[in-house]
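Have a look at the structure that comes next, please.
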Amino acid sequence: MIKVQQENFDVSAELAALTSGNHAIGGIASYVGLVRDLVGADSPDDALRAMTLEHYPGMTEKKLAAIETEAQSRWPLEASLIVHRYGRLEPGEQIVLVACASAHRQAALDACNFLMDWLKTEAPFWKLEETGAGEAWVDSRASDDAAAARWKVKTDRAAE
Amino acid sequence: MIKVQQENFDVSAELAALTSGNHAIGGIASYVGLVRDLVGADSPDDALRAMTLEHYPGMTEKKLAAIETEAQSRWPLEASLIVHRYGRLEPGEQIVLVACASAHRQAALDACNFLMDWLKTEAPFWKLEETGAGEAWVDSRASDDAAAARWKVKTDRAAE
Amino acid sequence: MKVLYFAWLRQRIGVANEEFDLPGDVDTVDDLVTWLIAKGPGYAKGFAEPQVIRAAVNFEYVPFDHRLSNTDEVAFFPPVTGG
Amino acid sequence: MKVLYFAWLRQRIGVANEEFDLPGDVDTVDDLVTWLIAKGPGYAKGFAEPQVIRAAVNFEYVPFDHRLSNTDEVAFFPPVTGG
């Protein structure tokens, strides 16, 4: 299931809905991404006040559904969920939830890892950071691209 | 933090307590183990009615705290949590929660995976299954031992 | 066709989306970028480093030699930073 | 010393734990198993396949050649199945 929303989410409620009544599920691996504020440690002006997530409505849902299908084809999942928020979020707030339920522990954990790597590099979201020094768009990280490349997902992205 | 308890746990509340006020945390990887009932699919007599987890009070807490320390020495974790229940549990109920919070996504996911592999093979818990056919103790699984061996944790276990 | 811009590309160009007929001399995404750059300084600034810009047509990532049709929805944006 | 038994080992022996003085001819965990087996049929049944039984002394897993002292807490149990 895919949810792209402004509202916050409750992890317990999402996991309960995902597994409800399915006793073939041995476990649920999940990852919750939070708005982090590391930059403010040294200089108060650098402290993150908020982050605004912009996305491409329509394409986001389509791409998230496609990668969820890909994960389900790679691992024996009983259920899966991606919740991704957009809009303005403050430090400590939840951004994203990925949850994968399976009879098999390692399948659940690997699928969760796969989906997070993909989200970082392929999901059409952009982050605008607000600090005391002003606003700045977050650059994509080479380490995220390398992590996603581990899985050899076929994409038709532009040659870069 | 280590909790060995009979009571159920609320994942959202546990994660919130783990990360509260720490804005250096970029994400939380977690795994929730559930009581699974696969055996009942074909024959009603084989259906799992409940599972009773026995443990070794004192040793359980000591071993869980030791492996949590080991995980914190291997990965840059901001916080970690193991909640393991004991007593009688029915299909669909939560057994265990492992959560690892870090600035770094992969560290959180790997540490969570490590702790779950360890719990399956080294934590002093035993499972008694109740079905229509009676009660039976669950054997340890060779696949769990192999998964734990990946991490090369030093143990002074008896030669087997 | 409909063209959308996101993140700092949207800010530099000054519009979030616009609709116009596919110009006669525009066959590919690359051609469209060249055509847009000629429209004004905001576009020129937005596409100053075209190698960092990604394109999607009808919600799928495409290379810049992808051929366009007049019914396409085309989106341009910087590298994504989700999760 | 205190000795504890868990899971099916506890059921076969019929007691969860017991306390007694370390017998004079018992030096190691292995010696203790031999001594226990002689105590009765429940113990003999419990330790019939000693290679599957694990031992802990003072909350740490030990090999069967581990030497015992009278103040030890010794636990015997089948392979664990946590998580």
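As written, the chains take the letters A, B, C and D, and residue 1 is the first residue of each chain.
Going forward, contacts are C-beta pairs under 8 Å (C-beta built on N, C-alpha and C of every residue); 3 or more make two chains touch, one makes a residue touch a chain.
Values in this document were obtained by computation on a predicted structure and should not be read as measured data.
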Touching chain sets, computed without chain B: A, C | D
item: Rounded Å distance between chain C and chain D, as computed from the means of their C-alpha atoms; value: 74
item: Separation of mean Cα positions, chain C and chain A [Å, integer]; value: 26
item: Approximate Å spacing (C-alpha centroids) for the pair chain A, chain D; value: 49
item: Where chain C touches two or more other chains, by residue; value: 83
item: Numbers and ranges of chain B residues touching at least 2 other chains; value: 33, 105, 116, 120
item: Interchain contacts, given as pairs of chains that touch; value: A-B, A-C, B-D
item: Residue ranges of chain A in contact with chain B within the complex; value: 10-13, 15, 19, 21-38, 48, 91-92, 103, 105-106, 108-109, 112-113, 116, 120, 147
item: Of chain B, residues touching chain D in the complex; value: 33, 54-56, 58-59, 62-63, 84, 95-96, 116, 119-128, 137-141, 144, 155-160
item: For the chain C and chain A complex, residues of the former touching the latter; value: 4, 6-8, 51-52, 54-56, 59-64, 75, 77-83
